[in-house]
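Consider the two complexes below, in which subunit A is the common component and subunit B and subunit C are the respective partners.
Up next is the complex of A and B:
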């Protein structure tokens, strides 16, 4: 099912949606564009890819998992524990195909036969993704090299493609189809073909994809080569910009905020480039230097994860980690350096 | 720009002459696209060939200095970077004989934020960049744009009093006539706001912060790094909750710990992936330090920051003389 909506009507449609549901949308403020909870008066900014990914919708930067209420011993009351499962629905609009696909990397980890993460699953099931196809690749884009493309609808409920005067909206799921029933959407007519042409053009502009298929094996070959990782990680400053921008990074931390007899168990994004990541209770950290940590970050995305999950690369090629890295570490270059490393020396 | 070419050759020759005796020399090379540079760690002739010193080369090499303790390295430094080096030396965080300084008399570096605002399309779509006649000729999304370099220079450069390295073993380029530091208009405008407006500004701005600690880790003076109280678990000093209040609390800790130590290299603000104007806090704090202690970080060797001293009777606070 395909429909057409004008630019103004899309803003109207989104504003109306935001009255009933939580809507997460790219909004410009302070010279930058980030996903924000849409409030009345906020304008959608589709002119650039938001710096932070839409991951917040399904995996928020922090959430309270549970609260604990204790009572003084003399009261004889037992402590009370309350879990805080997410409620309500969320609509993400204006995310790009790469950002939307991020959650596909989460699924095999947080929903297995043995282990299910109820917080993640509830959020994911309550989320609707209205994705905007990309009209033109950025210098840091490489979705086509990790099995996707600028108009990939996987994981989306609706795919929007910009055409003259507005957007062609294509329903991908029944949930998407229902939304397209709104009266603001019109018959697309010849615009459907225009959208098709625009999507083909965007894919052509990306050029030749890089073949990462040897990365899994080649990264393992460099596993004990700490000189290699030392050089690759030289300029890394060990901050969390790459992981926190990343649509596929799913590691988290748990801390307890205690205030007297009440405490809250918080889950926050974790960052594998940080010193505290895999820091053991004994004080020992098996990944003691940033070289070890970068090795893990690259290995996890391009080798260990694909090994466990049917060859799927745990990277969606959005390029945020490259663009937002304060030191310009380029994930493509690091993996390619491992791929191109001569086997016999 | 021909001056820049000959300066680059001069710098390369100077580095080449010392490369054998150094573990590495830190400079810059072109990054992932023609508009961005990235730090370069020079260990060989081939690495050296990639060196660039264009106004796009913005990173502060002094950030990496403490990571090479016990080794001997070279740093290519602009004026502001040399101030960071001086401060590191003054705080005995690096040793003078472990670092060779290749100084560049600097005409300023760009602000990628200003470039982004001035371009007709997102800089992510950049195709080509040419530098010449104090202009940047940028092809972006099929369109041509010419930006005056002066209009996209970082604020720190427009108001810089120390464009030439204050300490260097090799000095490349011509020294500038003495200048006075000035205050950027954005700083004056911010300070003129009432407290409630300031609070509203930070509450909105800090809602973007994701606590990635890029500002902390890129800071040449933030040397606690792995032992930072913002991320310590035992004790858990700071809530890990990512709210404007907690985010601002971290920034206040960050700026307080830099009191009298911040050299205004601007790296915190540059590194911030969500464009939080952190220099507003730094400049304000530095102004207080100048007024109270008459101190400015990184402008003279052997000057200890006022809050790093301990004396039973403070020299400038005349407790006994009232």
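Up next is the complex of A and C:
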């Protein structure tokens, strides 16, 4: 099902949605565009890709897993444990296909036959994704090299494509179809073909895709060549911007926070580029240098994960880690160097 | 395990044993009587212990499934959580998420000679299997235990050592690094004592755990004694958070120590990228 909506009506539609549900949308503020909870009066900013993807919708940077209530000893009462499962629905509008697809990397890890992460699953199932196809891919974009493209609707409920005067909205799921039933959406007419043309043009602008298919094997072959990894990680300052900006990075920390008689068990985004990530109590650290850590980060995304999950690369090609890296480390260059590296050495 | 894999079961500390100056053993009973009755695990599986307000850490369940009056965990005091654990006394409440990980391949070891080589706190994961085998003694041929520590006061499970030494159906050898007044057992490093003992690899499985440096030289000694890689089993330790293969820090390549381990044969370890 395809519909058309004018720019003004999309703003109206989103504002009305935000009265009933939590809506996460790109909003310009202080020179950057970030996803924020849409409040009355806020304007959507579709002009550029948001600095961080809307990963928070399904995997918040900080969430309470459990709380524990203690009682004074003289009360004779034992401590009480309570789980905090998320409730409610969330609509994410205006994320790019790469940001939406980030959650697809979580799925086979957070929901297996044996283990089901109820926090992630509840958020994912309660979320609706209204994705905006990319009209002008950037030089840091490489979604086409990791099995996607600027109009990839996988993981979305609705795909919006910008056309003259507004957007063509395509329903991808029944949930999306229901939303397009709103009276603000019109018959698309010839605009459907215009959208098609725009999407083709955007894909053509990206040029030739790079073939990462040999990366899984080559990265393993490079595993013990620490000279290679030292060279690749020379510029890295272990700040972790790449991990925090990444739509597919799903590693986390669990810590306790105590205030008086109540303690909370928190889950927070974690950063595999940090020395403390794998530091053991004894002082031993299996990934003791940034070279070890970069190797694991590249290996995880382009080798271990694809090996475990049907060849799917754990990278959505959004290029945020390249754009935000203060030292200019380029994930594409690192993996390509591993691929191109001579086998005999 | 609960449907929510992060939700611990509340448990009560029933006994605290001071093993060494920095190791204590905690005996726990789940508060839910039904859960305690139906709790089932195999030797080598681990659990996450919570001290609420401080956090959670991973330890092997070192009691045996043949003795289910309590679950025992031995904890060396090294960091925040373990320091708070060491402050616990009988009656205190903790959280337990267990069992996690894969156990020792006990069925495959039946009918074989068993050689345990434990160093320091590395005796904890061996204790569960050793106790289990003592309780199912007829299933195995000769059982030998070589257990060493830096000094006599660093040997854990002191309360059990006299029984282990006295038993005629197992051969127990103790060692410490240097001479100490009153020490009547072996003196020397574990790998050297092992070579001296010269055990035959014939129909034998060697199970070893200890500090990385001890493991390294013990493996070399076992190879010198002609043990095949498949005959050597160890259990690994890594920093862990979730314990269920999600949080992403205990992996060695594609293998997650919390899910696919912590028990690995030396043959399996050799297949993995070198990131111990």
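Just so it is clear, the second predicted complex is superposed on the first by the 344 of 345 C-alpha atoms of A that agree within 3 Å, B and C clash if a C-alpha of one lies under 4 Å from a C-alpha of the other, contacts with A are read in each partner's own complex, and residues count from 1 in each chain.
Just so we're on the same page, a contact is a pair of C-beta atoms (placed from the backbone, for glycine too) under 8 Å apart; a residue touches a chain by one contact, two chains touch by 3 or more.
Note that this is a predicted model, so its numbers are computed, not measured.
After superposition onto subunit A, the partners subunit B and subunit C occupy separate space and fit alongside each other. Of the two partner chains, subunit C is the only one touched by A:287; subunit B is not. In the overlay built on the shared chain, the residue A:118 is in contact with subunit C alone; subunit B does not reach it. Touch criterion met: A:255 reaches subunit B and subunit C at once. Judged by the touch definition given at the top, the superposed model places A:31 against subunit B, while subunit C stays out of reach. Legend: residue contacts after superposition of the two complexes on their common chain; A:68 is shown touching subunit C, with no touch to subunit B. Contacts of A:77 after superposition on the shared chain: neither subunit B nor subunit C is touched.
Of the two partner chains placed by superposition, only subunit C is touched by A:223; subunit B is not. Vertex at subunit A: the C-alpha centres of subunit B and subunit C lie 90° apart in angle, rounded to steps of 10.
Think of it this way: put the two complexes on top of each other by chain A, and the tightest Cα contact between subunit B and subunit C is 5 Å.
Taken together, the two structures place residues 253, 255-256, 279 of subunit A in contact with subunit B in one case and with subunit C in the other. Residue ranges of subunit A in contact with subunit C, taken from their complex: 65-66, 68, 70, 78-79, 81, 83, 85, 109-110, 112, 115-119, 220, 223-224, 250-256, 258, 263, 265, 267, 270, 272, 277-282, 284, 286-287, 292, 296, 299-300, 303-304, 307-308. Of all the residues in subunit B, the ones that touch subunit A in their complex are 24, 31-33, 36-39, 41, 59, 63-64, 113, 116-117, 122, 124-126, 141, 204-205, 207-208, 210-214, 216-218, 225-226, 231, 233, 236, 239-243, 267, 270-271, 273-277. Residues of subunit C touching subunit A in their complex: 3-8, 10, 31, 50, 52-57, 76, 78-79, 82, 93, 95, 211-212, 237-239, 241-242, 244-254, 273-276. Residues of subunit A touching subunit B in their complex: 29-32, 34, 36, 47-49, 51-52, 61-62, 136, 138-141, 231, 234-235, 237-241, 243-245, 253, 255-257, 266, 268-269, 271, 274-276, 279, 322-324, 326-330, 333.
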